[in-house]
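Okay, got some structures for you below.
Each of the two complexes below includes chain A, the first together with chain B, the second together with chain C.
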Partner chain A sequence: MRRLMQGNEAVFRGALAAGASYYAGYPISPSTEILNVASGWAAEHPEFGFLQAEDEIASANAVIGASLAGAKAFTATSGPGFSLMQEAVGYAQKVGVPSVFVNVQRVGPATGMPTMPGQGDIMQVRYGSTGDYTPLAFYPNSVAEAFSTTVLAFNAAEESRSPVVLLSDTFVGHLNEVVDPEELAAAATVAPRELAPLGRHEFGSPRFFAGVLMYEHGPNAGEPATADADEYLRQYYAAKHRHLEVANRYALYQHGWNVDAQTLVICYGIVSRVAAPLAPDYALFRPIRIHPMLGDELRAIAERYEHIVAIEANDGQYADMAELTLRREVKRVPLLGGRISMEALRAGLDRVLGGGPAEPPIPLAPTEAVERSPLGIG
Partner chain B sequence: MAETALAELNYKSKLKLALFPTIWCPGCGIGTIMMQLAMVLDEMAMDETNTIIVSGIGCTGRMGSYMQFESVYTLHGRTLPVAEAIKTVRPEMNVIVVAGDGDTASIGGNHLVHSIRRNVPVTVLCNNNEIYGLTGGQTGPTTPTGTKTLSSPSGNPNTPINLQGIVRSSPHALYAKSTVYHQTHLRNAIREAIEHPGFSFVDITSQCIENNGRRIGFANANEMLTYYRKGYKRAPKDADTLGPMEIGVLRPEAERVGNGAARPLVVEAAPAVETPRPKAAPVDDEEKARKRAESQQKLALMQKLSPETKVRVAKGEISLADALLEAGVEEGPA
Partner chain C sequence: MRSSSDVATRIALDGVGGQGVRVIAGVLGNLLARMGKYVTVLFDYDSSVRGSMSDAFVIFDDQPIDNPVVEEADILLKLADKGSLHITGRKVVTDLGLHEPGAEQIPFASLGSEHFGKELFGNMIALGRLLRLAEIDFDDDSIRSALPRRYQDENVAAILFGYELTPERIAELAAAAPPSRFEMNDAATAPLHRRTGINSGESGIAASTAETG
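Right, the complex of A and B next:
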């Protein structure tokens, strides 16, 4: 039945459709509705595991434990919480724990602007934990897409045996749109769990899931490999190739608006919705799979356009990646401080296409007390 | 006789002997904890299908890798959230956490406090050696005031953390204190903790001779064990707190008062998904006494062997009976 649904709730419903049976989280704006909905669901469905943890570190590690125990597990947070989860994300990368981490972004760094939308965690997803790894991340821009992309994130997590990040933002999370959840759920294909749960290993000796480098097979199985670069290479590239192969199955993006225009606008998440009035005059490239970078896809599209402009609610994080990929200039329109408005967007576009700088004119400091924000400090 | 002695070696089946010798320094106390845990798990018919070991970072964390159980070697300090989630998803499994004092009470202190608050039904074995051993000997949360360590060269200025007080802040949690010298007491404490349906914590004083003991004046591990033997006393049976040099088991108030009254369970068993939670095979007191006697006898026999032969027996390369014959040792009265 068609009904109004909020973006954050759609993430939870999508997770259920994907087979999720465990949620751990800690309240943080603007992701809290996911925690609320999960707790309500768990109260009515005792088979669904739920934990309101003492912090995001515990949430992330509980997701790891639940997943190894056999549940499809996820957590949701915002930037500051995601920072706290980074060590666990690295552990899940190293050990190969299928899991989903939802990051409903707000304006950082630190506590920042808790109720305002931002996209400042694109690079945190890519490089936030220690060491090298190949993360997969998706970013929807509507309620229906939040549902279906969550299903994909769970599937990609199972197939790649890795922590997959689902990005969102204050506005996508708080959008209310009419969707048909039954239809969306019926359309979902669900990847099965292949990793045998704890206590159910199928052959050999009992497994030892470790964040430290260990020999997993062969004559040295069970011994530490902490000084063996060869073993590091074997395990590192096995994981990298596995993740890239799975990522190739989900090379999701949108190339649209006026595809014959001279300028290609790159934007994603809520910015791509706000930018819709640009449709008559600009072409759109909207990556849905944010990581790994859609290299071949973007290269093939970009060569048709004279200018490329990335409009993001950060200081050019995707633009940096696009520039490296394309090896040509990508102009930047940063929409900072939560001001994702058509006015700011148009002004920025005109500025950079007219040869001006990415940096907007800095407003003068107020001489009088500003009116208190109706949104409070969250 | 030889067969009975061999039966007592059953707990070795809970260990991955192929990975021995362990990485632990000679004289380390962790091996004793692992042996006693293995004995309890053997006694309780626990195996890899019904028991999960979760371990933290530090010397103690490696225990999971030497045991014939599926094991998660977590990030530093994060044993409890991982263990809690495993228990939630698979309530039929026994989840045992092994970690050091640094992992449990310092970096993992917040999780400890809240796992106790939520009465998470897992058992924590805390190897309390009062030092960060793996990194060479820095002050830990349980290091006594005044102790000189690599990071407190003029003596630890702080008061050690009160683990008993933290665990006992919950009316549902079981707190046990033992030492690696008091092996029978330790074994019984571990067993009681595992049988406790809510959160249970075994605080095990053990020696780190290499990175602590020597620096504070002990010549060898034996001196530290002797110190434990002479220093620690059993608390009275009805004690409701343990003094700093007392060992004992402090049961939750509800259990002590109710004497067998229904114990509160926090996690209700989920609709049967897998096998039911395994209960230990019932062991009556007579059987316990017999097993204990056999165990002591076997230990006495093992003491007559050279260290090299002991290792061979432990690894199963040679039977105890053959080893005794080879060494020309009388088996003594059965």
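Right, the complex of A and C next:
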């Protein structure tokens, strides 16, 4: 039945459709509704595992534990919580733990502007943990897509055996739109869990869970390989190639609006919705798979445009990736401080296409006190 | 070319936490969804639960909606002065006492208190006025199915009261009422010990049951 549904709830419903049976989390704006819905669901469905942990570190590790035990498991947080989860994310990368980490972004760093929409974690997803790894990340821009992309994230996690990140933002998470959840669930194709739970492998299983480099095969299987570069290379490239192969199955993007325009606008998440009034005069490239970068796809599209402008609620994080990929200038319109509006967007476009800087005019400091709630930050 | 009947209607609500902005938007969105419309409802708010900026954007149309953020509203309902400075409205309705040149002013809080026993019912009166201005036809069943279960009869009555207000009646009310702000503003921002007994617990129509997600 069609009904009004919030983006955060759609993530949870999508996870259920994908076969998720465990959620652990710690509340943080603007992701908390996912925890709330999971809690309510678990109360009515005892077979669904739920933990409100003491913090994000515990949440992430509980998710990893549940996945190793055989469950499709996920957590949801926002930027500061995702920072705390980074050690666990790296561990899950190393050990090969299928899992989904949802990051509903707000304005950072730190507590920053907790209820305001931001997109400042694009690079945290790519490089947030230690060492080299090849993360997969997706970013929907509507409630229906939040549902379907969550299903994809779970599938990609199973297929790549890695922690996959579902990015969102305050406005996508808190956006309510009319969807038919039954129809969305019926359309979902679900990748099964094929890995046996930890501890139930046949003898000689290559799954080790210490996070330390171990020999996986051969006469030394199960022994530390902590000084063997060859073993590192074998395992590192095996994981990288597996992740890239799975990523290729999900090369999701939108190329639209006025494709014959002179300027290609790159934007994603809620910014791509707010930018819709640009449709008559600009072409759109909206990456849905944020990581790995859609290099071939963007190169093929970008070559026909005179200008490329990345409009993001950060200071040019995707623009940096696009510029490296394309080896040409990508102009930047940063929408910072939670102000994701056509007014700011048009002003930025006019500025950079007129040869001006990416930085907006810096507002003067107020000369009078701004009225604030006596309750302070809640 | 789209006919006038299927052009999106963009509504912005501007208030502070505790006034029921989320409730009004949530009920409106649920009602429109049940009527088969495409709807977006988006909330934009500061981090204090009560007393700081709380805005909501409701858009409805007969076809999918692209941009869910409202910067130029067809109808702007303003219940406080702390909201976004970037929203303009072709038709502006404010609580009595807010300084908004050219706006239609309605003493929501005193009407809620006078006719329904609680100031907070003012937000349902405001919803009724919004439904009238947005030309949304509704029946008893559809509005009840969109409302929280608590205080449903009172809420429906308050909505109908707001829906049936005429411009002449609004002008009379504005002239007769004391020029005071929606009292919820003060109550919502007051320390907890002063707030209890005014608008706590039982009096809250929908503020506490209002989550739309």
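Keep this in mind: the second predicted complex is superposed on the first by the 365 of 378 C-alpha atoms of A that agree within 3 Å, B and C clash if a C-alpha of one lies under 4 Å from a C-alpha of the other, contacts with A are read in each partner's own complex, and residues count from 1 in each chain.
The rule we apply is simple: a contact is a pair of C-beta atoms (placed from the backbone, for glycine too) under 8 Å apart; a residue touches a chain by one contact, two chains touch by 3 or more.
All figures in this text were calculated on a predicted structure; none of them were measured in a lab.
Student: Could you check whether chain B and chain C clash or fit when both are placed on chain A?
Tutor: Once both complexes are aligned on chain A, chain B and chain C fit side by side.
Student: Is A:Ala58 in contact with chain B, with chain C, with both, or with neither (first, second, both, neither)?
Tutor: First partner only, chain B.
Student: Which of the two partners, first being chain B and second being chain C, lies in contact with A:Ala225: first, second, both, or neither?
Tutor: neither
Student: So in the superposed three-chain picture, is A:Glu33 touching just chain B, just chain C, both, or none of them (first/second/both/neither)?
Tutor: A:Glu33 contacts chain C only, not chain B.
Student: For A:Ala358, decide between first (touching chain B), second (touching chain C), both and neither.
Tutor: It touches nothing on chain B or chain C.
Student: Using the superposition on chain A described above, determine whether A:Leu175 touches chain B (first), chain C (second), both, or neither.
Tutor: In the superposition, A:Leu175 touches chain C alone.
Student: Considering only the touch criterion stated at the top, classify A:Ala73 as touching first (chain B), second (chain C), both, or neither.
Tutor: first
Student: How far apart, in Å, are the nearest Cα atoms of chain B and chain C after the overlay?
Tutor: The answer is 27 Å, the least C-alpha separation in the overlay.
Student: Sort out for me which residues of chain C touch chain A in the complex.
Tutor: 16-17, 26, 29-30, 33, 36-52, 65-69, 71, 82, 86, 189-191, 211-213
Student: Looking at the complex, which residues from chain A come into contact with chain B?
Tutor: Per the stated touch rule, the residues are 21-22, 24, 46-47, 49, 51, 53-55, 57-59, 61-66, 68-71, 73, 87-88, 91, 197-201, 205-212, 214, 222-224.
Student: Under the stated contact criterion, what part of chain B meets chain A in this complex?
Tutor: Interface residues on chain B, with respect to chain A: 16, 18-19, 23, 48-52, 54, 64-65, 67-75, 78, 80-86, 88-90, 93, 110-111, 113-114, 268, 270-271, 273.
Student: Would you pull the chain A residues touching chain C in the complex into a rising list?
Tutor: 2-6, 8-9, 29, 33, 37, 113-115, 171, 174-178, 270, 273-277, 279, 339-343, 371-378
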